[in-house]
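Shown below is the structure under consideration.
Chain nomenclature is as follows: A, B, C and D, assigned in order of appearance, with residue numbering initiated at 1 for each chain independently.
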Amino acid sequence: MSGMRETTYRECLREAIREALQRDPRVFLMGEDVGHYGGCYAVSKGLLAEFGEERIRDTPLSEAGFTGAGIGAAIAGMRPIVEIMTVNFSFLALDQIVNNAATLLHMSGGAFNVPLVIRMATGAGRQLAAQHSHSMEGWYAHIPGLKVLTPATLEDARGMLWTALEDPDPVLIFEHVLLYNRSGTLSPEAGPVEIVKAAVRREGSDVTLLAYGGSLFKALDAAEELAMAAISAEVVDLRVLRPLDTATIAASVAKTRRAVVVDEGWRSGGISAEISTRLMEEVFWELDAPIERVCGVEVPVPYPAHLEQASLPQVPEIVAAAKRTLGR
Amino acid sequence: MSGMRETTYRECLREAIREALQRDPRVFLMGEDVGHYGGCYAVSKGLLAEFGEERIRDTPLSEAGFTGAGIGAAIAGMRPIVEIMTVNFSFLALDQIVNNAATLLHMSGGAFNVPLVIRMATGAGRQLAAQHSHSMEGWYAHIPGLKVLTPATLEDARGMLWTALEDPDPVLIFEHVLLYNRSGTLSPEAGPVEIVKAAVRREGSDVTLLAYGGSLFKALDAAEELAMAAISAEVVDLRVLRPLDTATIAASVAKTRRAVVVDEGWRSGGISAEISTRLMEEVFWELDAPIERVCGVEVPVPYPAHLEQASLPQVPEIVAAAKRTLGR
Amino acid sequence: MSERPKAEETTLEAGEDFTASRPHLSRAHLLDLLHQMLRIRRFEDRCAELYTYEKIRGFLHLYDGEEAVAAGAMRALGPDDWVVATYREHGHALARGVPMPEIMAEMFGKAEGSSRGRGGSMHIFDRAHNFLGGNAIVGGGLPLAVGIGLAKRMRGEPGLAACFFGEGAAAEGTFHESLNLAALWKLPVLFVCENNQYAMGTALRYSESETAIAKKAESYRVPAAAVDGMDVVAVEAAARSAAHAIRAGGGPQFLEAATYRFRAHSMFDAQLYRDKAEVEQWRAKDPIARLRGWLEESGALHAQDLEEIDSRIEAEVAEAVAFAEAGTWEPVEDLTRFVHSAAARRR
Amino acid sequence: MSERPKAEETTLEAGEDFTASRPHLSRAHLLDLLHQMLRIRRFEDRCAELYTYEKIRGFLHLYDGEEAVAAGAMRALGPDDWVVATYREHGHALARGVPMPEIMAEMFGKAEGSSRGRGGSMHIFDRAHNFLGGNAIVGGGLPLAVGIGLAKRMRGEPGLAACFFGEGAAAEGTFHESLNLAALWKLPVLFVCENNQYAMGTALRYSESETAIAKKAESYRVPAAAVDGMDVVAVEAAARSAAHAIRAGGGPQFLEAATYRFRAHSMFDAQLYRDKAEVEQWRAKDPIARLRGWLEESGALHAQDLEEIDSRIEAEVAEAVAFAEAGTWEPVEDLTRFVHSAAARRR
């Protein structure tokens, strides 16, 4: 096996798309500015030249229309990857996503499945304000019939897409905007990964930090800080928000007896609430303290950096919450 | 004060709309089939004749368009009541509701508030299947900038609208389809009610049942059954899903030390999770048992009665859950 | 129907070629159209009755009066084509060939139904006939049809997607987005607007500033035709000509069929929004009576033909009801089957 | 600009009546238009610079090249009228009269900004000028404009809602729904489509099957005009004529202005989708150079006029930057203020 190579999250996504296009003639990428512009976040840069206009398909501004077209095409034998630039715009396509993509298999009694992948950018941190910055992946995780993936690592950016494309049902992939530029090393053999389980990214014994997507790295930084205070934090990367891997999560918390959920989404009714609740349901008698949540503040994301940052989970808050669970 | 009179939930809603139209010339009702048809669920029957086409305004099938128009009209000095027939159709207007109605006040730094009321039917039980039957009010309760009301009683059906119209910000009112025909008695003096607090509908000491909307009556029935088993259940009607009245809820559970949340919405990521989590956060040390949830099963609502009913919370399950909290 | 040749004058046999750009007006073919429309009418009459017996529940939207549209248009479609319809889709499903017993069982909510009973009247699906529902979100099916057209084009497959929707749907944003996409990408999609003058209780003049729906297609450069939707042969002719152009690679086509529903929007409709005289005027154009009248006049229809048709239909409907009655309820333990394919396929 | 009278020939004074159906082509008025366009250009040049210094962050969409549209159209609006714009709205805000210092402070994210810094470049709002943003959802503003028109009509108030949007927005469903509603209800709404040929990197031919946007208005029966958006007087004339018709109670009007953005879509755009030659062709039509050239040719603009305009603008921009620099950061404790009006109004 050759050595590791330097790459970025963005490049991993691009490689995954390229590989899928090469592997399966039914795969195509469709969305606003994926072609001539090169992708709003430059993920698909260069792919138009390589694969042509049919398979790297620029769409008009019609989120409902092209998402619905993706559903129809999936049903009729293609394997579309639909890109929606930013999660806030996906609301324009929500009817198609919930009332059709998530529902058709059931509504048709199993006759029509929808093997569709929808990718979108999510999250704050680039000062894009209140119509471009939200974290709605946890919200989508409420919908039966959907699978919700949140790749945080390079391996997952590289590997989740193909597995998602092989899924017979609709899968949403949320890419945190702050991760695109993130670099690191990856094995040249990196390929498809499973999309079922959460992953323990750091082992620990005193408290479990549960995070995903952009917040994972804040949780890891917090664990580092906690270590300096002689607190051993385990960090679990949720990876998949629907269906939640309750077993892995509960096993970790059963061991540490304390947990902090970190979620950039708004607190009330966020995925953090579901995780807290499941933990209470599964390991109530093992808990030594109430589960803490460090979440996005319930405000549309403000433009100025100081307010935007104040609205997001930050390492010191995670550290403080973890300490609270230990009575410190 | 004269005696009570017989009326229905539907009539209460209609009276509330009529009163608002009479009281404030800025109020108007707008939506599909509110006029000539008389309202999909007959709520606005007769109002067209009384108030005319301008104020009882039939719209084309354009949920995004007319909801957005309601927002614009509210900003420019009107007090629109927008009716969306069924919560599933509101997804077509979600961009307007979340990216505009809920966000404009903040995005404009307080310059433009949106005094808009949106009413919609919610819930299952009429065999309308997977595109007409969901309970998404808990989902909407995740969005900062919105208020979410779920009138269950005749008093609330009669009284919440006017208070909502006086609110300077957007308010969503969810009417459970099975309540429209519900009849009961109402004081002739019934009028506006506050839209801030949860209400204890039945006092008890062993366990708290938390419910709202169509499920409230199932919780009350369950309390009745529990009483026969010598279990004293307190029943709290949430009334308002955003902002949640945590104080009232927590006070009840701090007293009973056990709770069951009943929610017709899907379990994962539902409002039930938020309530459970808040209780853990607020009264963890008072809890004698993990909080139980009785929720909608995570499936698009099926058409046949036996499956539809199986997908919804039912009295025996509530009773069983309450007993579990007591170790019985 | 004056300009149409008399049935006797057509010499062609009934053996149909769906790709032909014009209908074969053989006697057999016309009798078949009559049969198809009557089949839909009688089936739905029975449904309405069964609704009062609470065998069928939920919303039930009858196609009564509009049969010529589905019966005519479906003649232009072959096995590779797809159909996307609405909640008012019994007629489309029947005309497309979805077996009547399965449709009826679906209405009953039985496991033997075309959607295993999960969908009911508004959600009839059938993979064997490329029948993609049964969509109860007004305008929700149009993007799906675009996607099917896109798949066909990209896969180099023959066939087209036919999408039926009401004139009320023309106001939805998805109408706009879908027509643009189909035209921009020159996809094989046949848009069929069933203009029955009302969207629930909202008359067309309350929903559209431009009430000539076919005109709207122009602003997407989609060729459009308006046709008398109470004349089954006219519908078939228009659909054939449109489908022919699509199959020749010309991109989407649009058809507006003027029609009327004789009954209420659904079973919960007091019809306050239209007066009886209007309904009577339209009833006088009943597509079934019209074709029958013309066949009789021209001597092509004998009393015994009609009797035969009637008895075949009666038997078919009876069989469908019996099948539905005999159907089984899906076990409650299977409630969440069909949320994901893995579970759906497990047995 | 050949058919336009020379400035000297116009005898009318600059004192403007926004309700007039035609522009007053006085020298003062034309100088004013030039001033307005230059003001926008220079303001944005400065913004681009400040972006490189990271004083302005997030997305910044310049109006560079399109100034004639806002500058011209805004002349047809009075104080009772409302404006709904997009994320590319600096030009609209300036031309509408939103004070430059507040706009600049908003770009900096300062509490003194027009939206208290909450919105930034994409979300400039000003109640005093009925300026309803600043909307970063493409097509998201159109229904709002319809609603304002509805409120005006129902309240019997004078005025109209002017809604600016790009040609890319014309593909969105909200475009369709909004035009239909405005026309159906005969509302006072002026739709102004700024057709700058691209939606981000998507050329019009990739987004619309019918590339003549104004034609689309016909299918809603909305009167439409296409105008040279690089000619400020032509835009003003078209806007005045449209606004006049609206004020006369004729319902909505549609204007398509052909224009071009000289720079990138936003500050993160490598412009792979168009070639330099095309940009140069359009630059040759620069609305500012064009008006200036014509004024100079006709002897109406003297070197000292231009110097005066330049120095006024320089001072104004400098003042705006100083104001923004001196502005304060909203305290973090106020983070959730403005989620609800109660808290927003508390101080």
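In this section, a residue touches a chain if its C-beta (ideal position, glycine included) is under 8 Å from a C-beta of that chain, and two chains touch if they have at least 3 such contacts.
Source: prediction; values computed, not measured.
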Pair from A-D, B-D or B-C with over half of its contact pairs in common with A-C:
B-D
Greatest Cα-centroid separation from subunit D: which chain?
C
I'd like to verify one number: the distance from the centre of subunit A to the centre of subunit D, where each centre is the average of its C-alpha atoms, in whole angstrom.
37
Note: subunit D sits from subunit B at a C-alpha centroid distance in Å of 41
Centroid from C-alpha atoms only, then distance subunit C to subunit D, rounded to Å. What do you get?
47
Give me the residue numbers in subunit B that touch at least two other chains, ranges are fine.
59-60, 62, 64-65, 88-89, 92, 95, 99, 106-107, 129-131, 144-145, 298-300, 302
Junction residues of subunit D - those touching two or more other chains
117-119, 123, 135, 137, 140, 171-174, 177, 180, 184, 206-208, 336, 338-339
Subunit B-facing residues of subunit C, complex
57-59, 109-110, 117-120, 122-123, 135-140, 168-169, 171-173, 199-203, 206-208, 269-270, 272-273, 329-330, 332, 335-336, 338-339
Would you mind writing out the residues of subunit D in touch with subunit C in their complex?
171-177, 179-180, 183-184, 206-210, 215-216, 218-222
Of all residues in subunit B, which touch subunit D in the complex?
26, 28, 54, 59-60, 62, 64-78, 80, 95-96, 99-100, 104-113, 144-145, 168-169
How about subunit D: which of its residues touch subunit B in the complex?
82, 84, 113-119, 123, 125-127, 132-135, 137, 140, 142-152, 154-155, 157, 161, 173-174, 177-178, 180-181, 184, 336-342, 344-345
Residues of subunit A touching subunit D in the complex
32-33, 36-38, 40, 58-65, 88-89, 92, 126-132, 297-300, 302-307, 310-311
